[in-house]
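Some notes on the structure that comes next.
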């Protein structure tokens, strides 16, 4: 099976810089793939992207050896199964609250007997190679989002779930869950502390900690704390920011 | 007819900051439209965009009062007609060499007797309003690209063509035409002088001078020289640049 | 936040004429948007429309100040979340049977603590403006469909659910639920009475009553009764009817 | 080869009611196909439709035994060849001015030696049947639009071109060519007389006369005069008209 | 209502050769439809196909009188409802484990009171005819997949569910469920026996037995055993196999 | 610049087995790319494929190191320029008749001063690498189709055109041009001899000879004769053939 670079970097103790795709286009996906990320994630939750667009985006990501991942819209076996069959090497699942939900999520990513994923890796077997059936359970990443109030009370039961590889902080939802306005780069102490608590729990449970970040600077900060997977904004945010900067320069 | 902001800015002696769309998606188009440009141009020539995608991109541009334009792939009446019917308020036409080609281009943008455009403004009449038929000839912008060796010898005959509103420099092709490697922000004196010569001819002939630019800084420089329409790179270039900057910050 | 015209009309005691989109095209969506409706709803349930098409349709609706809404296919948080992120200002949810289902529906439309909607209004924030995060809970419409036998027994518990703004009658399913053939403009007394009962319950509970209608005439009748939100057929039905009328005239 | 119903109706002296598709959707195409037209034409000129959309629209038309036709955007062999390969049974070609252009058009529709069409009827052979190669030259309809000033002076040389089956009046462009505002149902005597002149020339040259019409009533009028192929508006116009009528009824 | 050929063949004791579509294209769908299958199934589970693509694929299937079916991704009322509304004449539902799930599945396919399907057969009524509302419950096929360990223990309770027409074996998942590597044409005795056991249960309960097959040869074998519905691989598999064969011949 | 495998194989005196894509889908394109071809060509002429689909198909081809090529619909600079910008490493141009047309074709594939291609390799520079601008003229393949009667009289003037790399026989059109029914594997002596004559002229002029073939067997025969580039049918033909074979096996 083609190597999962994210797992490899983690195994070596390294940190992954991840790109995030919310524009439903294989062209912007290929541009992002060439930008230098270690992995690129198609966002089926808040991205303006549906499954069919994600297939061609995953093809675009496959033009280089950058690891393709998918954030599914919800803890639902349909989008998880379809993303994996389309060649995703990792699934980010939002809004995980407890052990039961974690098991439902992880089980959807694994073939029997580790889980209940149905067999039919249409594109995945082309992308990964002929031994996909036997190797997939060990090589596909499961990443549970920690962003709800309930999950903060269940960190260990979530993170100790067998088969869970990593957790992923959603700072905006986490802020809201703690009673604050959504922030992509939280500075309110309560939220910052919650992120530290989550990181500590991840370390304690032997799962990788990841987070969404507002910028490269924030990613750098989190890497220093021990996060090993940081996403920088998303494609449409990067585009909007750069366009505004250049317009300002033109008019300045 | 809905006002053509670009014409209005020009009439007031102002300068237009133009966005350029090469990603075939109405989502990136809407993001660019909200970034603050005066006009946004769908690039059917070197953009990875075909007519059908351009229709939804023109719809996305229409969500704000930003002037929609199209660069057609060639001096061909089919893409010109279809872009105008789809609601473009201006056409940028590449590779214009002489008077005959300019007349062919301008004629494709005007209804009889000023030109030979066929009637059927399917979307344009919705966007522009009920008086489109009678007002279109006076309000749609024709912009001829000056970028070939032949055109440099025919500046006045091109620019004095009745019905031509503006010219547009393509620095990369102009560089190649003068025997140099393509450059988006030329520094080779021969190319810089050619651009100045083109600008002077435009002023002399009473047409607006525009140019593609590599950056906001270059646009600012050209505005100072007297250019009144500057495009800043394009969406995929902006995206690639910003992504690389942020990745570098994350890893730095 | 951009004003929600439907809420505004209701607040003034007025009645909303709503268009309904079942053709998966941003072009027909834009045609309908220009026809004069107060709001236009993309039908993800029985329309031949999926999420990705709905995004470009919502963009087309945004070219005018007509309120965009979405009927989701089922009481499921995925399509609700994605429709709201794409800019819908109201959600029509089918097949609501009881209080629990109503709360599940309403909660999916509201950010914590009023609900459990995840944060990431990708397109909504562009469309609505920068204060979307703080204003969305108060401005997005929740409309529960009353069309099943079970719901008829639970009208007050459904309609008194905190956060529910309106109910919407589906006459065809209501007819079937009462043991009759589906009718878009029911004349069977039992169905007509059920609609009156639903309307009375809505008035009693302070929520707006809406209904699908077979025609403008039916809408007019229902408006007189006190309904304040009436949909007229849908795009494909209107197209089929008009085409048949004109063919008949041509052949007559 | 599957029978060309339009040719069959013409051979019997009958008149064809034709539908016109400008919405780029196979769903609206199927709705129109079921409405009762004898033939349905995909409009690649002023419709908001490109080739790729037309393929799925031609498939939708093929779900019933309604004859599929295409109006190409211009007298260009590329769209003609591609429309025929995709299964069109007739081509309407705009802006024909003289004999030379007519021969260029007709030749693009016929295999050697009658013309210069390239062989490769990818979908056409599936739709038409195994004998397509030998039968296509005799069964595909060529219809030249008469709408320019120049063409009015060349009616006989155009209409006597070998291989031309029919002509088609574009009333709006014809109005403009005669110095009047575009009208879909011309009442200005000069335009009405021009249409009569065209009809007479068609009769004289043994080709069928067709016309675009604003309504079923206009089609009925033209049928009485001797036209044998009348189009009623197009899908988006029908939709817009019906929606406005019903909204008016609802508000009335 | 247009006849359901699959039901008709079954009623006559015959066997159905079914095609399977995993390529999201109406063009490959039409090619497959013309190949000679009795029915063609769009695979929304492991095929790289989403709902919107399936609509145009169902249109392509409707160009011939080949029965259109859909395999939904999961036992979920949304994809079932939408596939039926789009014109599917049968639903294959994966991963059915017990009576409760079977009833949930069958109910989603039937209007009240036999089920809880919501009314709005947008395309189905065009395809099937005007009496769809009254005839659909009797004519649409429900086919439950037997492929999990749990289902093997519940064969009779599943197959005796009122309203279930047929079962469908998924050999690959069945192999996995029994602890073996996935095989499209199982030779391991335990799996072969399980398939025989399933067939016997189907016969005993008066439902039709179907199965996915790796090849025409396997289908022939299963038909002899008494299966009456066999799918041959899928489109992408057939394409890959034939391409490899011909490349080998070219290089041989 | 990424190596052009086709040029490399030719330089080594080898023969290229080429796949041909007529289904407008990146999924079938990826399946074909994995089948073992040396190069894969998107057919924009007779394939049911337009530019926009070709972009995602070229991305799918780029997931492996298989050389991507495009057959353009006609000798027109627009599709040639756009195919090259999208990353095609070679262009097959149909219906070349003489030296003038060959020069027009070759010039469209080369930057100034070798040709008149406009600069803007949006996707090509990502695929090929940073030195694309300076290396493209030497590395992109130009292949002129020989299939018309006129071209048979101009073989040397066509093949000696500076910048032409190869010619490509279209056996079906060649058959028609010689007065015979179209045949994908001609056996009529006059056509076979014409193919031999073309091959001899190619050898004499130092250009590579290629041909469309009906099967792997035909490719093998032509390779033996000295052809160095043979296409095997196309995707939809392979699919149709294999499906028919397997259905026959199932029913046999």
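Just so it is clear, A, B, C, D, E and F label the chains in written order, and each chain counts residues from 1 on its own.
Here is the rule we go by: a contact is a pair of C-beta atoms (placed from the backbone, for glycine too) under 8 Å apart; a residue touches a chain by one contact, two chains touch by 3 or more.
What you are looking at is a predicted structure, and each value in this text was computed from that prediction instead of being measured.
Visitor: Express in whole angstrom the distance between the two chain centres, defined as the mean CA positions of chain B and chain F.
Guide: Roughly 34 Å, centre to centre.
Visitor: Quick check: how many Å separate the C-alpha centres of chain A and chain D?
Guide: Distance between chain centres: 52 Å.
Visitor: In angstrom, rounded to a whole number, how far apart do the mean CA points of chain C and chain D lie?
Guide: 39
Visitor: Hunt down the residues of chain D that sit against at least two other chains at once, touch-wise.
Guide: Answer for chain D, listing residues that touch two or more other chains: 22, 24, 27, 31, 34, 48, 50, 52, 55, 123, 236.
Visitor: Is the chain-to-chain touch network here best called a line, a ring, a star, complete, or other?
Guide: Basically it's none of the tidy shapes, so other.
Visitor: According to the definition already given, which pairs of chains are in contact?
Guide: A-B, A-C, A-E, A-F, B-C, B-D, B-F, C-D, C-E, D-E, D-F, E-F
Visitor: Which part of chain C faces chain D closely enough to touch in the complex?
Guide: Result: residues 17, 19, 22-25, 27-28, 31-32, 34-37, 48, 213, 215-217, 219-220, 223, 230, 232-233, 235-236, 238-252 of chain C touch chain D.
Visitor: Under the definition above, what is the set of chain A residues touching chain C in their complex?
Guide: Residues 22, 24, 45-50, 52-53, 73-74, 76, 79, 94-95, 147-149, 170, 172-173, 176-177, 179, 181-182, 236 of chain A touch chain C in their complex.
Visitor: For chain D, which residues count as touching chain F in their complex?
Guide: Within the complex, chain D contacts chain F at residues 50-52, 55, 77-78, 81-82, 85-86, 111-113, 116, 118-123, 133-134.
Visitor: Under the touch definition given earlier, write down the residues of chain B that touch chain C in their complex.
Guide: 26-27, 30-31, 34, 55-56, 59-60, 62-63, 123, 126-127
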